[in-house]
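Heads up, the next two complexes both have chain A, just with different partners, chain B and then chain C.
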Partner chain A sequence: MSGQGYDWVGQDVERVDAVDKVTGAARYTADLKFPRLLHAAVVRSSLPHARLLHVDLGPALSVPGVKAAVCGRDVPFHVGIYLKDQTVFACDRVRYVGDPVAAVAAESPEAAAEAASRIAIDYEPLEPVFDVERGLEPDAPRVHPELGRYECVPWITPEPGTNVCNHLKVRKGDFDAALKRCAHVIENRFAVPQVQHVPLEPHVSVARVDLAGRVEIHTSAQSPFTVRHLLCACFGFKHADVRVIVPHVGGGFGGKAGINLEPIATALALRCDGRPVRVAVDRSEEFYAVVVRQGLQASLTSGVDENGRVIAQKMRYVWDCGAYGGYGVNVVRAAGYTCGGAYAFDHVQGDSIGVYTNRPIGSAYRGFGMQEIHWALESQMDAVAREIGMDPVEFRLRNCLGPGKATVTGQVLDESAGDVATCIRKVACGIGLDVDRTDPSGGGPIRRGRGMACAVKAPAMPNDAASSVILKFCEDATLELSLSGVDIGQGLRTVAAQYAAQALKLPIESVRVHNLPDTHLSPYDWQTVASRQTWATGNAVLRAAEDCKRQLLETAASALGRPADALELDAGCVRDPDSGRSVPLDRLVMGYLFEDGHAVGGPVAACAHFVPEGLLFLDPETSQSKKPVAKWTFGAQGVEISVDTRTGEIRVDRVVACYDVGKVVHPSLIRGQTFGGIVQGLGTGLMEELVLDRTSGRIANATLADYKIPSSLDAPRMEAGFLETPQADGPLGARGVGEHTMIPTPAAIANALVDACGVRVHSMPLTAEKVLAALDAREAGREGGHRGS
Partner chain B sequence: MLTTCPERLAFSYLRPGSVDEALAMWAGQARPAFLAGGTDVLPRARREGGIGALIDLKRIPELDRIEQGGDGGLAIGAACTVHRVAVHPLVRERYPVLSACLSQLGSFPIRNRATLAGNICNASPCADGAPALLALEAVLELRAAGGAQRTLSIGDFFRGPGETALRPGELLCRILLPAGSAGARGSYQRLARRRAVDISSVAVLVARLAAGERRHRICLSSVAPTPLRAVEAERVLDAEEPDSVERAAELAMAACAPIDDLRGSAAYRRRMVGALLGRAVDELRSSRQTGVPV
Partner chain C sequence: MTTQTGEQISIRVTVNGRVETAELRADRSLLEWLREDLDLTGAKLGCNEGECGACVVLLDGRPVNSCLVLAAEADGREVLTIEGLGRAGALHPLQQAFVDRAAVQCGFCTPGMILCALGLLGENPDPSPDEIRRALAGNLCRCTGYQQIVEAVLDGAGRMREGART
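And then the complex of A and B:
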């Protein structure tokens, strides 16, 4: 019976937070009540680029009910995760509409707003930079003239004297020479606009600094320990004096990675005599004032031989990082070392370049640059296949990565890396790309089409990023699990409980994931980003469980008078298989009491961590590295669409997804992740774009009335399949997939549009108006061609 | 200067029990506004810098009725929600065009809150309630303090974005659907960025009356300062000649005056008037109707 019935990993167990969330008992940061709470108002720049001449806080302080006002000169400290290019408030320059300039804390929101409106700011307007092309021109205004003086991690390479905040070069083989040998050379350009995460819960942080100088932060964030670390680096606090608590979070999608509103709340709280200060943004500010996803301009050149093998590939990704690149520089880096996507190109010239502009701050967003580069790369692969007259599925199979093949950085994949070729085949079959198809619309106004795209992503994180957990047995052999990974909806706490219950052969109901992340109480975790939590925390849980098991067996060894290695953990007991004797767990978890009164062992508990092994930095000139990242996750999606050629409207009818996840840990949660990712991908593919008013520098559609994300009626029929090629260092073989689910969707839709009506749109989103313009251009081309012949 | 803090509105809230009482309250307040569903009045108050008093019409029994008029038509009270109108048996049976258009307005929560009267008094160029009322040639019953009362054709009601023929203090009490329009069928074609809860970028209603000479109605919204009828195009459809649809589309495109905004360019919108008109006629001829009434 050993182990039977305790294989929780792979089962649809009930979410540990299901009742709390369904009943509304789960409390989010804004639900928390604080005695003597002060309300903050943030004064933000109304200009996209200006010298900040003077900020007069005086009039604000005279408003009744105002407790404190603060601006850049009061806290001239830099903050940022990779490149410290931002200060808590703008000091001598504002760089986007929304840049924090000052803030006040007051007894009521009304008093705070009134005081904020009285703060006088003198600006000297400067020429703004609104796009990367302008930003790269030699005479462009410098968004950060001080770039060379910023503190920065060694693997980010800003170019002082320019607007380039990071530039990663990939050089593999000899691109120029290889290109000369190619039968076909195909070039294309693609574009992606800035978009917003649109989490259900906008950013909110509450800070309190007590009279002894201890700091307590409650915040809607993805990474309590990174908030603590960056806050300490900014203000000079001792880490042990700072407590960061993350209650339930209503969606992050990368927008709550790193550090966001916490420094503003802290700067105010330092001046409020121990009273808590809440900083919140409203929905409109959420769109432009905190962080957004970076924009991309991509140029690709593919050189292909007679057999349909891409032998030379050039990729230039230019990123609109917006006003600050603290986090976004690492998107640039990740896009660089992943520039070839799911393909094995022999000769590669890749450049990923981050450019400052006077737009909202580009930062982490589900996929971390991968959806954007896959938009370009997967559109290009499809276009190349069509141009050389090859089936796009076959073309992908001839060029995709697999065991024994090398990535753009020269990493040769092994058997455990995942199987993209099978994902491609399954998706092609599932969506019907493998059958002979004639358009059933028969030339009518509604055209149907099918297309696919691949996806790959690795966790983009420091090589030593750690996750840790604590397991503690209670007297009745129930188990408490403590972790600092944040359950932002993905189900991390449930998954952690599954691993613990399985490893210790416990009923799932016996495991409690009690406390939400709290840096004073729960163990260290770097960040909840990069699709890394199931993999990293899952490993930490298994290691801690192994330690608990060792303790149980040792105590049982004394109790049974047998060597520990002769015993085994069974359901609810430790058993001696030879004699059949056993000791129930509840007589072991607090130590064993013999009949004569003496005791052995003690409370069973363990703390364990996971840090990936064997990672190597990229070569600074070529980015070659045998193991630049911990793991890859591959997948593909196929879509079926209908296009109304009278209006240009696209309706996505069906999406089929397949990912090689190593191990399906929780079938319902992974389906939910996949369907959610598809719908989010569909939103960015069809309708989402932050529109800049180039006169004022403001975002013109910063409301939910003007910026649309998909509704449930826009969701297509979706099917998800998974492969289980075990990840060598994955917990029971699992690897991450949370972000990957939204990566290929827009490119697959664009490729289906080509299939449906022969036109390719090169810029996201695929609005009806753009599609119709492309159909017009094709008609005009045909007429022109006809006249010419 | 931009600041973080939601502006809170301060105003008095009044709940009259009759139309006369409501009209008298209006006269006694500074910066008053009538409250029906409330889906537009507060955003508008914020935009326009505040409000003095909200006079809630929802508890006035005489405004909360849908009843047959003396001429055999239907009278819809100003406090009736969009959903109630859309699913009312008499509306579905006799004015299915109105039902079809209203079931594409917003979402269930919005339709359960918003009123048809409020939708047209808000006078958005994109009002989904307007095209059907224009097609049915609805008549509006307006009252003012002191017993003043007048009726106005829906065609004379809209004056510009957010502007109507209502005089200060005047209240739209009932929307009258004429008996002669009963039985009209129609197809409401609506372009938006997503399939629900979005303001239309372009909308075209093509309706056909059950009988009569001038049977067709073509109503456009989101393509001019007000919702409008393309009357010349209607006459071309009436003629039912082989190229009627193409010519009607041309005339409807000429009748509109769209602008460039976040939802689309003027050129695209104008062209879509023609495309949607074609789609609507196709649907009418195939004897189906859009927006299956809920």
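And then the complex of A and C:
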């Protein structure tokens, strides 16, 4: 029968780029060869906060092999995606150790480094701000005295005259009144440090400006069109004069969203007479000089009634945005309108506040603020449950969102929003939280514990964020698919091929997804962020396929002398079900040639887009909105850990995850996303933290030797399960999940630590030192006479 | 700038079965030579300090971080890079296992991961999952969480043992 065997969505098809990647054929930006390439070196601020008095490029220009040198006064242009608070190079002030001050382009990396070292910079040191508490004080130094003059999108609200770069308020019901009615009031504070993405491929960009003024950029980026748009806004180029090409990308995790090294490369290329200039950061610079994840200080107050319902919830999230908030201001916003996580709180006072400091630049990072707020929220939910004597799983079920329940912004969820309650139950069962347990380790030094945490996230993006695709047939009925969503490892190109092959009943190998997003050749896509690509690009592919199908049927209608609506697309042909006659696709895709020589139709191709519908801005005072975001994805994770009470070391033995993804598009890819997210979550939960030397303002552990990420020895046993409650506007019901997989892991580990040892650690990461200190403090407390209290 | 006028050396290395001779600066790493002069870019520069494993190649059959090995040290020896292992339609069983087990995401760690695993399988054709995890502990991957990589190496080891018997 027609269509059978072409249900590619839901199957483990081979990754379209797998052979490229296992043979070394896949070229990443640094692998590309450019004739007469120049190498750049960036001079970065050695001080965390200083007035920039003078930059002398002269000595650099006298070094043999140097082609160009450039600094702030040469390109005093602002750049930034939401808040344009940064210039290509620091102009009159440096704001973190690593702030770009100048750059040189030279014939060799050695010549560039030598020239960079000769650039003389005069600073007047200023008092730095290293933490948000200090940043919020009325007499704190201002990191951006010009804050009121920056260009900014209307839904970001900086507070000029302060260090606050954004503040989102959520006000729902009457928190103060509701709190008075509560049987229990529980307050806690939680903290998350700045961490770094650590993509295996460091940032790299190559720019060339030819003698006709056209700009060509090859770059390791998540968002070619956003790079182009922001570059044009910065330098005043026409969009059509700028070509951004994104080769294979060695991991992004948000760090390659927006715009990064491209303006520096362009500023140099403008001075290099048509020669390409490569700007690459080394691993150390990757840690502190490009972008990092924001830090968080969270204060939560939960008011609970006799039945274990949280009726009043206050959340204050204060973000360490670092030196610039161009992108990070939107993390602040997303954390605000998602401040209640997976729960239905009736009376809410939420504040999400972004604060400038003289630390590295906080920006997008997988989860976009959600892991950080879930660290606080899911630790708090567990702590509250234990304090009121209720099972944490039952407590979550009593308070979680679901159909008919309202989020903190007043959005009432419908049946298609996903089912967090079932995720909670499955995870609790899978990890063994649903059974009464006695500690199997007895009184020994190794304690075992189990814990869980929930996760929710929506795409944080402009309401009109678009994805589009082009489908076009080759003469042999192979389908070419062109898109500008970037496959940063998640498998987007494979998923797009699955949707196209299924919709047009093609063998999966007959769909070729063109390799390189290229703003000259491939259609518009806003950004590869927000777990939006499978959903947005998938929808665009289905729409374009529908258009191709219409064209094929119309041409076949002429060929067969039948109305188009009487025909059906079948495997490799268009068929007339009444007569059984059919025309093979390779006689339709370029138009149909009759025996007498006349032709109908023409080459079959289609372009289609997807933009989410019906989104509404938040109320500026209360953030209430019936539909503030396009979709939510819910999930939960349970973990089982071992704690060595002699050393404080935690080992994560097993993780069970469950997410309501709407539709499992590719079982192996989604398992891979989930396992990867869990281990990245485990890294931030147990070991990752950018350590600031408060004397110098430098990041003290900016190497892979000192900043550890999980290795194969750290990865636990993992199980991933999925629910398929269809997303109403999802392609065959699918919704995003890429980021969500790392959101709940740290909080689940912290909750398991309480289960194992009875101590709670409030600040990430859960290092052995902190755990041991907590265990020692508890012992000291007991010995100090609190026994039995 | 001392390196710009640094000592020149001559080397003769068998790379992917083919003899390559070169005159180069004595301080150049094997990784630089492979990537820049031979255009064998499958070996990646991830950290340049031997911490990430993205640059792993086999030197006389043993995995090395090629960023920490001088090209001079490879003189008279055999280097295998990912480009020498297999190609479309004729993948090495271990490459095929990485494809089939969805052990590839962004792919930046993949060549080093495969070659490191191949080095292990040269010494131990039937490793346990724990032995695989230990062997790959110096090869960082930020995407996969390692589970499918370990599955792929187990699978590839099986295919290689099968191939050796036939």
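Some notes on this structure:
The criterion applied here is as follows: the second predicted complex is superposed on the first by the 784 of 789 C-alpha atoms of A that agree within 3 Å, B and C clash if a C-alpha of one lies under 4 Å from a C-alpha of the other, contacts with A are read in each partner's own complex, and residues count from 1 in each chain.
Going forward, a contact is a pair of C-beta atoms (placed from the backbone, for glycine too) under 8 Å apart; a residue touches a chain by one contact, two chains touch by 3 or more.
Please read all numbers here as calculations on a predicted model, not as lab measurements.
Using the contact criterion defined above for the overlaid structures, shared-chain residue A:Val691 touches chain B, although it does not reach chain C. By the touch criterion defined above, A:Glu769 lies against chain B but remains apart from chain C after alignment on the C-alpha atoms of chain A. Judged by the touch definition given at the top, the superposed model places A:Ala257 against neither chain B nor chain C.
In the superposed pair of complexes, A:Gly98 makes contact with chain B only, with no contact to chain C. Of the two partner chains placed by superposition, A:Val13 touches none, neither chain B nor chain C. By the touch criterion defined above, A:Thr23 reaches chain C but does not reach chain B. Once the two complexes are laid over each other on the shared chain, residue contacts for A:Ser711 go to chain B and to chain C alike. Once the two structures are superposed, chain B and chain C can be ranked by residues of chain A touched, with C on top.
Contacts of A:Val384 after superposition on the shared chain: neither chain B nor chain C is touched. In the superposition on chain A, contact of A:Met370 is made with neither chain B nor chain C.
Overlaid on A, the two complexes show chain B and chain C touching the same residues of chain A, namely 110, 282, 705, 709, 711-713. Of all the residues in chain A, the ones that touch chain C in their complex are 12, 14-15, 17-28, 30-31, 33, 108, 110-111, 114, 197-202, 248-253, 282-283, 488-491, 668-669, 671-672, 674-680, 703-705, 709, 711-713, 715, 718. Those residues of chain B whose C-beta lies close enough to touch chain A in the complex are 1-8, 107, 191, 193-199, 262, 264-265, 268, 271-272, 275-276, 278-279. Looking at the complex, you find that chain C touches chain A at residues 1, 3-4, 35, 39-49, 51-52, 54, 81-83, 85-88, 91, 95, 98-102, 104-111, 114, 132-134, 136-150. Across the interface of their complex, chain B is touched by residues 39-46, 97-98, 103, 109-110, 112-113, 116-117, 119, 121, 279-282, 285, 289, 646-647, 649, 686-687, 691, 700-701, 705-706, 708-714, 767-769, 772 of chain A.
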